[in-house]
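Note that subunit A is present in both complexes that follow, paired respectively with subunit B and with subunit C.
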Partner chain A sequence: MGRRVLLVEDEPNIIEAIRFILSRDGWTVEARSDGQGTLDAVRRRRPDLVILDVMLPNRSGYDVLRDLRDDPQLSGLPVLMLTARGQKKDRDLAMRLGVSRFMTKPFANAEMLTAVRDLAGG
Partner chain B sequence: MTLGFNLLVAVCLSYVAMLFAVAFWAEQRALRGRLGWLRSPWIYTLSLSIYCTAWTFYGAVGYAARSGLEYVTIYLGPTLVMIGWWGLLRKLVAIGRSQRITSVADLLSSRYGKSNALGVIVTLFAVVGTTPYIALQLQSVTLSFAVFAAQGGGPGATDPGLADPEGTALWVAAGLALFTVIFGTRNLDVNERHHGVVTAIALEAVVKLLALLFVGVFVVWGLAGGPAEMFRAIEASPLATWQIPGARWAGLSFLSAAAFICLPRMFHVLVVENADERHLATAAWAFPAYLCLMSLFVVPIAVVGLAMMPEGANPDLFVLTVPLAAERPGLAMFAFLGGFSSATSMVIVAAIALSTMVSNHVVVPIWLSVVRGGAQVSGDVRKVVLRARRISIAGLLFLGYVYFRLSGGGTALATIGLISFVGVAQVLPALLGGVFWRGATRAGAICGLCAGFAIWLYALLLPSLGTGAAFSAGMLAQGPGGVGWLRPQALFGIATMDPVIHALFWSMLVNTAIFLAVSLATFPGPVERLQGADFVNVFRYSSGARGWSRHMAEPEDLLIMTQRILGPGEAQALFQSAAAAQGKQGYLPDATPEFLESLERVLAGSVGAATAHAMMGQITGGSAISVEDLMRVADETAQIMEYSSRLEEKSAELGRTARALREANDKLTRLSVQKDAFLGQISHELRTPMTSIRAFSEILRDGDGIGAPERTRYSGIIHDETLRLTRLLDDLLDLSVLENGQVTLHRERVALGEVIDRALAAWQPAGGLRIERLGGDEKVRIDTDPDRLAQVFLNLVANAAKYCDAPDPVLRIAVLAGPEAVTVDFIDNGRGIPREDQGVIFEKFSRVGDTSAAGGAGLGLAICREVMARLGGTIAYLPGQGGGAFRVTLPRKAG
Partner chain C sequence: MSAGERDNRGTGGRIRARRLDLGIRQAGLAARLGISASYLNLIEHDRRRIGGRLLNAIARELDTEPGVLAEGAEVGLLDALRTAAAMVRHDAAPHGGAAAGGEAAVAATAAVTDAAGRAGAAGPGPAARPASLAEPGSPPELDRLEAFAAAYPGWAGLLAAQARHIAQRDQALATLSDRLTHDPFLSESMHALLSAATSIRATATILRDEPELEPDWRARFHRNLDSDGQRLADTARALAAYLDGAADPAQAAAASPQEEVEAWLAARNYRLPELETELEPGLNPDADPHDVFDPSGPGRAHVRDTGADSPAAASGDAGAQPQQRSPGAVPTSPPGFAALLSAPDAPQSAAGRALARAHLSRARDEARAMPRAALLAELAHGIDPARIAARFGVGPGAALRRLGGLEAAAAGRPFGLILCDGTGTTTFRRPLDGFALPRFGAGCPLWPLYQTLGRPGWPLRAVLELPGQPARRFTAWAVAETRRAGGFDGPEIVEAAMLLTPGADALRTLGGADSGPPPPDPVGTSCRICPRGGCLARREPSVLAASEEGGGLS
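Now for the complex of A and B:
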């Protein structure tokens, strides 16, 4: 208990990579590829950390982030945003919306793992 | 020596087969765009010779034998018109061109406010007036057959079935119907030109002229012993003593001149089939020369015939019987073919002209009113029109056959011809009035026409059927109910005139008087007034756009309607060129008044002015009201009308310019937003595969805790993602090379079908998409770079597989080769691309809808567009096909 990650990402290969890296470290990884319904999934499953992509089908990562922050019960939930859009304005927007950590793809596996451990207090 | 009847039939059939071949050849040539001499003024002049029917070929000699030089009047009228009133013909041709007139009925209907009632009346009269004439042609062919049958002695005596005149007539009528249906209704051409038919007719014109000249030369030099002897014989013959009353001479010349202009078939060859106004200049002297040659030997043949043939021999057949009696069967055969040519060419053109009138003025309006909601919703106007034409051609020839049987074939040829002439001459006052007098009104035209026609029926046609057929002997002698001044052949007690002149005099007098009086007493309607100005001043200004100025029509609706009438290819070409003229790409031009006006004219070329007007009205919401408003506000003078319409045009133009600017601005904004989006997009597209590659390669590098299966799997993923990256970079490079024009093309000559094969072979079937190849002209060979072209095709197929959202997705591929270009259409059965997106799909990175779903980078169509531009062709989205549809257009020859 206590080491569960919800991964929201639409590239199957990236899901597989992250799942491998985190599960080797003892995390349970649950993945979904649709932005829509993510809020409900978080409410239901109560993960310790959400890893969020930006370019998602139906509902963008920014919108999902806004949903999470708007919910008082979830406002403290750590969110790690991973995005292939590495421009400054993307980072600024994510920061304004209250993201816990922002990383650009491609990332170093060790760096990502460190970030997850930091955020979810592993 | 005699001539076998069977041989005659064989010659006759081979001649007909040759006509078919010539017509087919000319049609194919025209279809391939190689018009060449098919459009020469000589072909035009020769086609006018359908004026010389069997009546002139056989009948002129008979006429001369009966009435001396009177036959000359039949040639004099047209000659006077061609030489003396050339201006009228030029004006008719100019009006025909600018208003896309399809027939004489269409001319009157269009001139008098696009009134269909008038079109129906003229059509009806033309049918009634032409039927006896068709019967006359059948009769002449039958009679000439009978001459050979009797001469041959064989089948005529032993096998009555073969020489049965009614049987012959029926076969001839059926054969002519077949020829006319095949070459006269092959397609619904916007110009109503029939190159096959016209070429065949020109050939027949040469045959009949040569036939008559040969017989004449043979008679003068072979029988009479030279010109000097001939003149002596003429002096001595009873022909020399014939006196022609001046009134009859003038009357008949007037009559043939009127008929020359008004006969539906003459109008058809003179105006409708005219390809170039300048051809008239040649025809103005060449056609009278032709007539002169045709009439040169008429008197000699008549004189020799009267002297040679036994008492009571039919002088109408001297052209045949004289050579036969002189034991020259070959010459007689040639003469027979001449007569046959005269008869058939007249019937063919008359049937085409009349069937056009019947379908445009009777069938289509009825069909339109039955199928409410009109042309956009259901049915195919094109098919209806063509079917109506085919049926009316058969119907007309059948009518002619019935008339032939009823009249018993007894009346002399020339008399039937004159009766017909008087009938069609009734159109003259309305026609001349319409072209020269702006005050002429629809009511005047209708009343005059009806009155003239009624008199013609009563005083000429019905009595001509013979005593006892329509009128009893008592009625003819004493008048209806004993009222003497109503005697059909002596109206108002004038009994001294010959019946034809009598009927001509009264019908034209009453017709013209009523036409003038009613026109003066009534006011023209608004559309009538505008059309009147356009007709009368056809040379002064090309008509401005006035009719459709106030309404906005959806171009797509117009395209759908136009496709139904002209067929998709023609309609799309028309819309594309209109859009290009407005500086737009694609197939949807703005519905400017100019465009609507020109569209209406094009449609009028296929279905007639009144119908086209009605159909446009259904889509644009009716224009008559707007013109009427205009009329009320403006003063009744043409200048003010012109001025206000010009103002209206200007303000509409300003509005359009503003709209165009707004659209351009919107597009720029959209593009700039897209450019930003593109940078994000390209970053995303590059970084996503790189993320997988980096993550898995680090996993493999660190090496701890992975087994052999994972190792294989992860290196596989790295490999795939590397390919994906390479593909994206290739696309980007490809596009930049294409855009900079640095691309090298490897052109070769290939069949288009092979390029499609190549594209389909490279395609990995996906999305359950079925490909249906409609074939068409896949065999056409073109100069192109097959690899590049296949790349475009493959892209379109892959797009359909990705985007077509039908439950059972099907992509149809159709190839159509035109004279200049080849089009390949890719049409799927999905929802298609929404209107607002159609403008940007060819831009880079402009995926429609959700971006990541489609899996490509959105460069495919942009690359296609660039490739097609390098290949000298185009690719465009084709709206209005009921699914996603792309059209690739390629030039046939490398540019």
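Now for the complex of A and C:
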């Protein structure tokens, strides 16, 4: 069974680039562009990793992260936060909420891929 | 010394100035005081400190108060110097040395140290310490502050002025930092820039690292690069224009395209006579006032929209509620917006102009549907948006917006107007004296504007009472309306409007002669500045009542 990533990102071209990079590495990527409903999507799909943007329509990445950590079944799921909000307070908030890795945009493809492999044991 | 000019002199300097102002010779004053002229000369040049009886006697002879001579404006100077010293200590403490703005202050206080030493050398006191021995960061000698200020009032004044400038720049920096953090336009622009840059970088790396990339993927990534490059350029241009505008004091207040449009309309007193027509109104005298909120109600004829600028035409919004007018009304050619938008005071940014165009388009349609003369004639019977909507065959939201565009002189009373979308985000504000509309963020959750969002098509009217002494009352009408954008099964778009006017008397006409206005609803303007206690709708504590019971969250 292939390794699965749920990508929550609202920029279509970024989705396309990440999907390409990860698929070349053997990952199956499912993308969604809305924070709302992400928790249900994770429960249904059970991905090995979630890549999460912060500024999302309807429900922020922080809220989604909080939802995941509040769910006993999902609290240990690796979450890579990939965001344009790179201030210390943003990073601190993400860490407090239990993010597994925090990366700021723009990112290097190799760095992102390494993080995904590390987090999901790939 | 003129009023407002800083008095940098010491006590002696003020004695001398006062004596000269009164035209008294030095020898004459010395004689009256029973001291020698040379001693008075030393006093006047701050070479001798005086106090007690002699100061009282001099003040008496010069017809002034001893405190004025002893302190005068020097009190302010000394306070400024103490503040400068405190700034140095504040800057030095947490960092263990001079911080950015503190370096100048440290150097300045080193000068104080040196100057005070020299002042001491000039009179009684410890020996002077050469400037080269003043250690940066060493604490200023506050106990010798007065001697320094008295001996070198010019330098002391300069130091105080520099400290003030540093404080002002720190404040400006904090303000700009706050603006960078909270300005919605800047925030969105930065996000757009970083998103475009992210996509470009990732895509470019893929193209570099994948020389054997399949043609369809390659073409797709090239398209993405092109679109992201265009987006990056547009955003950068808009940001540059915005920052240029921010540097211009005249535009500094406009923090977003929306504010740009609002400032433009406010400068015109919200009048757009270019859009008014002399059409016979689409009167519908038989309309039942109770059916006005049914957009598909009987007796309404849809008017063909000939304007390419209409919101429906512009957005391809097939489901948008059309303008309604009785048969026989002949629409004139839509006035061009070019003249309005080419005026020097029109919005300059691309986003501001787009918003202005949308505003003009709708205002033109509503001016056609509710001609000004007929509308003012209706208003003569009282403010009843429901009756006006029925009379002109328009929806209640259009009636509120049209009334909200009238100037007080014509309407007989001032109006305020606020519009928001389905998220509660403010999309337009026409301020009203006494009813503050927040610049950023939402207003009071108890406003009818937000109450109607949950029940589109269900109009509300209320008397609102704002806290304060005395409490201020306003009459408000609000309604949310929906339209379906993007065709038959497109998303439903919600917009709410709230019209405001001062006082509670505007509702008197609705319930008959004997019924007074309804009891007022206690509301605020925005939680952050609302002192009202025990509010169940409060979303954040008030800065005005941090220690009061009412300021906290319920």
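The definition used in the following text is that the second predicted complex is superposed on the first by the 121 of 122 C-alpha atoms of A that agree within 3 Å, B and C clash if a C-alpha of one lies under 4 Å from a C-alpha of the other, contacts with A are read in each partner's own complex, and residues count from 1 in each chain.
In this section, contacts are C-beta pairs under 8 Å (C-beta built on N, C-alpha and C of every residue); 3 or more make two chains touch, one makes a residue touch a chain.
This structure is a prediction, so every number in the text was calculated from the model and none was measured.
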Which superposed partner A:95 touches (first subunit B, second subunit C, both, neither): neither
Partner chain(s) touched by A:108 [first = subunit B, second = subunit C, both, neither]: both
First (subunit B), second (subunit C), both or neither touched by A:57: first
Subunit A residues touched - subunit C or subunit B, whichever exceeds: B
Common interface residues of subunit A - those touching subunit B in one complex and subunit C in the other: 11, 13-14, 16-18, 20-21, 24, 55, 84-85, 105-109
Subunit A residues touching subunit B - in the complex, by the definition given at the top: 10-11, 13-14, 16-18, 20-21, 24, 55, 57-58, 84-87, 90, 104-110
Contact set on subunit C toward subunit A in their complex: 190-191, 194-195, 197-203, 205-206, 209-210, 217, 220-221, 224, 227-228
Sites on subunit B touched by subunit A in the complex: 679-680, 683-684, 686-688, 690-696, 698-699, 702, 705, 710, 717, 720-721, 850-853
Subunit C partner contacts - residues on subunit A that touch it in the complex: 11, 13-14, 16-18, 20-21, 24, 55, 84-85, 105-109, 112
